[in-house]
Amino acid sequence: MKKDEHIWKTAITDARPNSIRLRGYRIDELMGRIPYSQAVFLAFTGRLPNEEEGRLVDAILVSSIDHGATPPSTLVARTVAGCDVPLTSALAAGILSIGKAHGGAVEGCMELIGETVTMADKEGVSIEEAGQRIVAEAEACGRRLPGLGHRYHTADPRTARLFELAEECKFSGRHIQALKAIESAFAKSKGKKIPINIDGAIAACLCEMGFPSSAGNGFFIIARTTGLINHILEEWAREPKMRKIFPDSAVYDGEGDRSL
Amino acid sequence: MKKDEHIWKTAITDARPNSIRLRGYRIDELMGRIPYSQAVFLAFTGRLPNEEEGRLVDAILVSSIDHGATPPSTLVARTVAGCDVPLTSALAAGILSIGKAHGGAVEGCMELIGETVTMADKEGVSIEEAGQRIVAEAEACGRRLPGLGHRYHTADPRTARLFELAEECKFSGRHIQALKAIESAFAKSKGKKIPINIDGAIAACLCEMGFPSSAGNGFFIIARTTGLINHILEEWAREPKMRKIFPDSAVYDGEGDRSL
Amino acid sequence: MKKDEHIWKTAITDARPNSIRLRGYRIDELMGRIPYSQAVFLAFTGRLPNEEEGRLVDAILVSSIDHGATPPSTLVARTVAGCDVPLTSALAAGILSIGKAHGGAVEGCMELIGETVTMADKEGVSIEEAGQRIVAEAEACGRRLPGLGHRYHTADPRTARLFELAEECKFSGRHIQALKAIESAFAKSKGKKIPINIDGAIAACLCEMGFPSSAGNGFFIIARTTGLINHILEEWAREPKMRKIFPDSAVYDGEGDRSL
Amino acid sequence: MKKDEHIWKTAITDARPNSIRLRGYRIDELMGRIPYSQAVFLAFTGRLPNEEEGRLVDAILVSSIDHGATPPSTLVARTVAGCDVPLTSALAAGILSIGKAHGGAVEGCMELIGETVTMADKEGVSIEEAGQRIVAEAEACGRRLPGLGHRYHTADPRTARLFELAEECKFSGRHIQALKAIESAFAKSKGKKIPINIDGAIAACLCEMGFPSSAGNGFFIIARTTGLINHILEEWAREPKMRKIFPDSAVYDGEGDRSL
């Protein structure tokens, strides 16, 4: 070990000449043995997932891989790509648009769910009761409820599918129950249902698996990097430089509907 | 279809209210059925990988997931994270440091391999002969040979493992042969071996699977996003704000050596 | 005017073919007639500054132009520049490190000053009394006081000079008084003086001139862009690619001390 | 001086506790004595400008301060700003769109001018003859001529004004002559005039003042930072979050036409 005052510690990867270990495992041993999604789980948690965790993490990553030409991150990445700059410049610009208003609700929703479960535990009330109190408090102080509502979908198919998978994988516990309680209480208060969105469903599943809220947005960003990069490559392949990009004017002309 | 002059086309994802299809497949159908890496392959190529392609793409992504505290992207992401800014700011800054000098050699190496194979085909010479000519030309005009040499590893275990897997997956064809020919010719010219690095091995495998060179750096960046995000989260969890980050002073204190 | 639903309005610059007007003035008329700093003032406020305002804005911009090799933004911009990427990538990465913890205290300090002056007005107390209450409240709820203290300077010469100029320019009013009241109250509470830093001095001067707090960090960032760009150019001119950059190891070897 | 192997040198700013010197001058002495633009000149060149240089640098910076809602950098900065992220995120994204295709032609044009003047000197031909050869060579190998043509203006008023000022300031020498020779030769070859744009005019003036081409894009970026920041602040002040931003749909509603 180095004897100097500037030493700092890291527990992620031990990189030495001709040896690279992620959380203790040789990366060359992991290669060909585990899928990438399990290495992601390992990087975040320090352990390999069991089969159910692995399946749920894959579903979370697949759900967020792309959303076509509608999100601001896509429009930004394509606009910057049109300016004859490197891939990393266009990608970084797209990522910078991910925040509370777009793609960044997972973390806040995980905090909300955590508060609800904690309240139920501490005050000895049911999850439903805790959800009602959390919604009432949020409305009283004008706090938004991240994880509810989508400007595009009214019944996001990804949300339903993720909850279905969570149940199959035995992860349908108190955190998912808490978010559903919040959804119900909010619907009652508003007089109409503002459904759980995909960010909310991801948040609930990550809570079920024990992830801290700080990790929440990371999964969305990792997954969406693939979508943004493909939009940048398509912009370069199909469009002239410096074109004006109009939102709402994209038309899908790819593969027709098909099934696995 | 919209009747306006601003229409542009995209073949990646068809996002409509309550329906999102990636390259024709419903994302909610893909969830729970394919691992994330296969969705990545689908996004790039428009089709699902076969078993061998899927395994090789997973190995490529796992190989690049992190490299500890040594790369400039890690140091940059951590320095920015220490300034009390959002995750996306620190991540974008890290990504901006990925270029020809760090993590960005895949694309250039794919072009080099492509030129070698094309020359062999067009001029009716062996891959070995073509590799010698390409190296001679590169040296004559001072062109660097991306994919060879590493400032850290002399025998990168990831490189050997990736070539081993390529062979297992029946992807050990003329493109890998071409890069090895370039390595040999360069060693003869220099009087010492400058070994193929992980970027080179990834480049050769992507060529074998038929990817265009423009996609090359994308795989590295997608994979490394996970590493960068975990370094940012660790910086926040373990270090004070605005600390000075000294390269070479990181000490690994995580999980001990272990095996699958 | 366009007849479409997508119209949006902007009051900054009217750019038409062969005519560009900033806040109503032809840019070609402004060229050669006003210094850049006055055009900055015009862009922010919609009017040209008087002589005193112009002088104070110039002093603010000059004060923030660079701080050598110590700030994280400099180290980040140089590290990214060393990776063989465009100027804009290195500059953007440097800018992304500017936040509450570095260079971004102006806005928060302007809000603090504004609250103090408003309290004095609304509750009919003296600025000194309001400053004491604001500090007491901040300490009670663990709120930081932006604009006080510097990790590097104990008697920042820029702060004293800026207050001197503010007095010369007749801008030494209630906002500067408020910040000094906060400094005094905090010193009394802490038992030692935590002096107003340059961010604080800029904040007080911008308040005196009537700028909204949202504009605060902008001046620092505009000014520092010059410093960051020069560090990037120097990195390219003097250093090898991919070098390791050690904080605290920079030695100044430029022009010797001189005077106007 | 530190005795360690990690020492690196910088000649820009000497920052010590309670003393900050830019190129040898105390920043607190410069404050109130020189306008910001002269400090920019000092940062780049290591000396203070004379009156003519100062005036020309101010004109260059003023010319580039903003171009309304048309450039991609503005649209990108506003789109990102609409996503509820910090000022620096939106600004960095805007800056990342500045490249060869937008705002980044100054450097390339300076190189072009430099080659022309060097050819005239080395081969003993007139500037006009050298300009013709450079254009012929560029056309032969498909090289673009940066600094000519604008997608928006046919007679950019900033260009004419900058050349007028250059003449007033006695900077109308061989570099401006070279760019005009290139413009003429290109017009003759194309059969129609592709006029020098503002990037070209700035490039010629920076060459006249002796700046290296690497500094070229820096002036545009420094100046435009002000425009981008004001667009971000206006987006926040006037528009809802996550709005769709349509290019070509911006209408100016600011101050009416006025004169100094």
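Couple of notes before you dig in:
By letter and in written order, the chains are A, B, C and D; residue numbering begins at 1 in each of them.
Please note the rule applied: a residue touches a chain if its C-beta (ideal position, glycine included) is under 8 Å from a C-beta of that chain, and two chains touch if they have at least 3 such contacts.
As the structure is a prediction and not an experimental result, all values here were calculated from the model.
Separation of subunit A from subunit C in touch steps, taking the shortest path, is 1.
One copy, subunit B, sits rotated relative to the other, subunit C; on C-alpha atoms the angle is 180 degrees to the nearest 5.
Farthest from subunit B in terms of Cα centroid separation is C. One inter-chain figure worth recording: subunit A and subunit D are separated by 40 Å, centre to centre, where each centre is the mean of the chain's CA atoms.
Between the Cα centres of subunit B and subunit D there is a gap of 35 Å.
Centre to centre, using the average C-alpha position, subunit A and subunit B are separated by 23 Å.
The set of subunit C residues touching two or more other chains comprises 85-86, 88-89, 92-93, 96, 98-99, 244-246, 248. Taken as a contact graph, with one node per protein chain and an edge wherever two chains touch, the assembly is complete, since every chain touches every other chain. Residues 72, 75-76, 79-80, 82-85, 89-90, 92-93, 96-102, 151, 241-242, 244-248 of subunit D touch subunit A in their complex.
Those residues of subunit A lying in contact with subunit B across their complex are 1-2, 4, 6-15, 17-37, 39-40, 43-44, 46, 48, 55, 57-59, 61-63, 65-70, 86-89, 91-93, 95-96, 98-99, 104, 152-158, 160-162, 164-165, 168, 214-215, 217-218, 221-223, 225-227, 229-231, 233-234, 236-239, 243-246, 248-260.
Against subunit A, the residues of subunit C that register as touching in their complex are 85-86, 88-89, 92, 96.
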